[in-house]
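My structure is below; once you've seen it, I'll send some questions.
For reference, chains read A, B, C and D in written order, and residue numbers begin at 1 within each chain.
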């Protein structure tokens, strides 16, 4: 018998950028209808936009977009589009997002939201003034284990937070004999590991521990002269390869934060440990389903230690829509969970999910990165003011 | 501009069973077109079949099936269907699969392929005589880390295999005060933990180590009298809760194998360690992206130990189609990878992927399970003959 | 000011065998007086005995023995000796121990207590008839984490035990090109990995889970023809390199047990996991201070998982006499703790520590090993009768 | 036959302080003669000194000291003493050590060597001017895994060092409702977690990575008002509970360093990770026998990852004198290994072991701690000048 299709809430999507992130977001839109079928959402892949027509058409066909274009201005103004999803390179976040907001669209900006504080502020202000909803993709907030940690903290299970250490370590640039072709060696000013991955680490701190009041940092390029690029051009690398920072939180906690694109052996290691007066939590994204929790205060100190919790039960955050216990989610699921909640807020016309990062969050991360750079240059602790 | 759709190889799918596995297979078919876009495959979700019309229609709408039905005989005979995918409960594997094969269809059977050796043999023989391709879903073979282990073994990196230990441990039945409602306590004879999950453990042994020559086993029901079911019926549990076995391999290796549905703390723990004359490997599915490898024979014994390899590089097996290094795959990806290779073999008209489990494999696992049950009853080592 | 020495209970020791175990026991005797000073024990190192006079005198001087001799009969009969400690090679356990018991001495036998059941029975009977105390050195019972596990089991914290898996894996014989010079390839019959290290694994099962009722085993020599010994003699290896067994316990639990001297990558890996109806425990001796415990039954299933407990608190078993929390004990400490409790029982004239392995335990392990060998030869499950 | 005692090099020891460290050092002296018997060292426990006569006499009897006294001045001047070992509380390190050096003795100072830079400088200068040898007990340098890491770094196995993170985390002060009786809340100025345990973390950085050029730090007391002491006195806590710092190394590396006495779940967690251009290393003292090493540059990137090396082979540093592979050493062994090398240098009349920390090292750690405190107060990066 023929199936009667459900009536679904259609959200027409225009997506800018068909690289890694474009693939990742498109995948999310295609999975939401059946994984979250009770929500009756129908993200409609309408237009894919990128610079090279032949590539963008191929990718559009691959993911099932109906149309393609090569001019983001056209996309941002397209009256048929409900949601403008900006997966373009970092310097191409501000103008398209601001234009799309001005055209009344909902907007997603990949992180880091903007390279400069000024741009980030303009984006934040544009979002505040707009009718559409806006979010910045700090997707690690939506790892079930991270949200579970957030809940445990909110319930007071670890008490007052004393200290935190967070790192985002990758290794792709570790070998000094490799040419500086990787994204973090690109030409625009101020990019590098701190923007590219350190921004996630900063966001995790703000999400889990609280607002950052001051920073003391060293931002470092270890291999300034990397022979020549693979294209044969002489290169002087200016982007940072590593950052180390001391954090002071508004609530009295202190911490250390690092980013690295030269950490041999660490493929994609976002990791943190948080120590509080009653318990501690730790997590890393190379083992994303496991939360290690030490919750003391029980009657029996003999049993104290870190428990590896497989955060895969249907009663754990976000897990119920997916697979049975012990059937792990992977990295892409964080992206899907995040996008689902944004689409649902659009469809419901209600507020964003409380864990969703806003353009205000994107702006504040930009301010903190800027404070770290200034601290590194000046050799002083820098107060963070938003 | 409008996107010109790619010309794709359509494979029309009729799927029986809309539970956990039905969801999982449907998800695979929906992801294959864009994740594996160069293959130009188009699995078309044509008919979903299950017993209750209202449920199956709802699920069909959810996943985008065009039609639904409630009679597997109708589905198996439907001339429009290319691939008959049997995700029904274990006792409903044999007749529908045999019927679909007789109708010339490609067939997928979920595991365990059949509860009795006789049924498994009939299925194996039907597949051998059929024009369609047939596979049994031992999907853990397609974990990148498992295939990588298989490759290392084939290259001689661990030398001759001496010993192996494998377990598949779950905990859902651990509490004796819980009613016996879980699948492994169902009414049909011979089901239970060994069929339900132990079959995967046996298949991993055969896939990685080689053919099993004899078994000595204990198959045990620990809690025979579980008060009453949640529906209020008195129950006597006959399905096995735990199995322990010694394995003798044709190549001279020996091993131990266990299954359990009462292993408190183990949510979905399929794990193995293989020791060879030159190296050892270990893996578990609760940390599916990590292969632990100790490969000796190098010049420097000082550095010997198990290395945690994040099997997420594009040059690792199956990973290239997915995400960058360190961006973990989850459990569902094994299912997708497996289905992709089967669809591709159908489309190409070529042989099955060498890692694909056939109905011959499904049959042999049934024979080995039967040998374990007989060994447990008789108290002797039982030679495995196929 | 001069220190007034404490009045101490002197126990005069004669020790047979100045190899690895002789060093280890002598070390224990030297540490007991000051680590356990409240007990006022004074183990007096009186006579060291071994075959070669020059070596034994050198070792006696090293450890501070007052005398040395080369004839164990002389030592076993020496009226000045209170405690006869047999650290000789396995075949030299029975006669000296029986002789020393006949001379009224307290006796320690290294494990395995005897190679044959007949010898083990004679030793057990001699101990039962003797006035002195006797113990067999299954020292892993005295790891704080093992005793803590024992306590948790006794308190019902893991409920009824369902399944257990235990391995003792070493690698020294893994390379088939190495000459068969290692102890487990020695000439006497029936020695090998099962006697040498498997005996510990069996003892851990009996200590933690309960008595073994039947076994089904494969005992295997993988590399029967190891070229020639390093001394140039042609060799045929008869000792086992690996064993795999299914265990049936008297209390209804089942399990698997393995030993291996060819497990590449495993230097000294005695490990077990025990699954019960309310919890699970696991431990390994390469990380001896950590007990992994999953104790469910609490109110909050969300937090279920294995906790790594650093068993180093002063309130944990045996730890109080040593160092502060987190200051790990090593392997030698298990030996010292064990010897202390034996000496204390001698000095007090009271019963042995309840965790101490007796000659009855040594005998039962011999019976179980024999049952495993017979099961392997006959191809049947063998009931264990003592 | 009577044993002819070896002729041994006697070193007469006077030890100040019979607490945890006194026990630990005395234990070392008692084990050295037989564990390192080829060195023919005989540390003679001559005089134990502490404030309370009844306690010190009891402890002296326990460890076998010949005499006791209650006045360190008498001990420091005692002409019979070769080695003055200062295990007294931190503020009692400078004067006794300086006096003993002036009397021509060899001197050991526990860490932190001095609370103030001025005192540390006086001690350093006294040692430089003295005829005796002097060392500061940064004993973690003598963990076999740490020395093995040091060797790998020296051999260039991890290339140029980019980044390092080190923590020393304990939990004894984590509960704000506990009275401030623990040592780190004591009355003298400037003590606390940074001096007590952070000093070890700083020393590990200097030992493994190189000299520290600047620091940016936050030194924090989280719970300033801890009700009252257990003795009933009102208390204001001034000692630091946590420190977070950014480190700049002279060789261009950067890092973060933390100490904490309030890190719930961390009993004694000194841990570091070092990332270099060709490899990475990590270690922690709660698993002291394991070094995790990722050494790239090999031909096969597919196998990259961290290897858990059990640093227990006889060819690993310091291990040969002890037990066979996989038979773990514990925390006390680091202390013994350290003392052995110092006694051997005294007996040989040669230079100190290159890994031994000198009074210069103790001084430099004091300078760095002082720089951290000043950085925390001033809010600037502080250059470290010795």
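Just so we're on the same page, a residue touches a chain if its C-beta (ideal position, glycine included) is under 8 Å from a C-beta of that chain, and two chains touch if they have at least 3 such contacts.
Computed from a predicted model, the values in this text were never measured in an experiment.
Farthest from chain D, judged by the mean position of CA atoms in each chain, is B.
For the pair chain B and chain C, the fraction of shared interface numbers is greater than half, so the two copies use mostly the same residues to meet. Computed centre separation for the pair chain B/chain D is 54 angstrom, with centres defined by C-alpha atoms. Spacing of chain B relative to chain C, judged by their CA centroids, is 41 angstrom. Here the spacing of chain C and chain D, counted between their Cα centres, is 34 Å. In chain C, the residues touching two or more other chains are 266, 294, 304-306, 310, 313.
On the chain A side of its complex with chain B, the touching residues are 1-6, 20, 24, 26-27, 30-31, 33-35, 37, 48, 57, 60-69, 170, 172, 266-269, 285-290, 310, 312-313, 322-333.
In the complex of the two chains, the chain C residues touching chain A come out as 148, 293-295, 301-310, 313, 315-316. If you check the complex, the residues on chain B that touch chain C are 158-160, 162-163, 165, 167, 169, 174-176, 214, 216-218, 220, 222, 241-242, 244-248, 252, 254-258, 260, 262-266, 275-280, 294, 296, 304-306, 375, 379-381.
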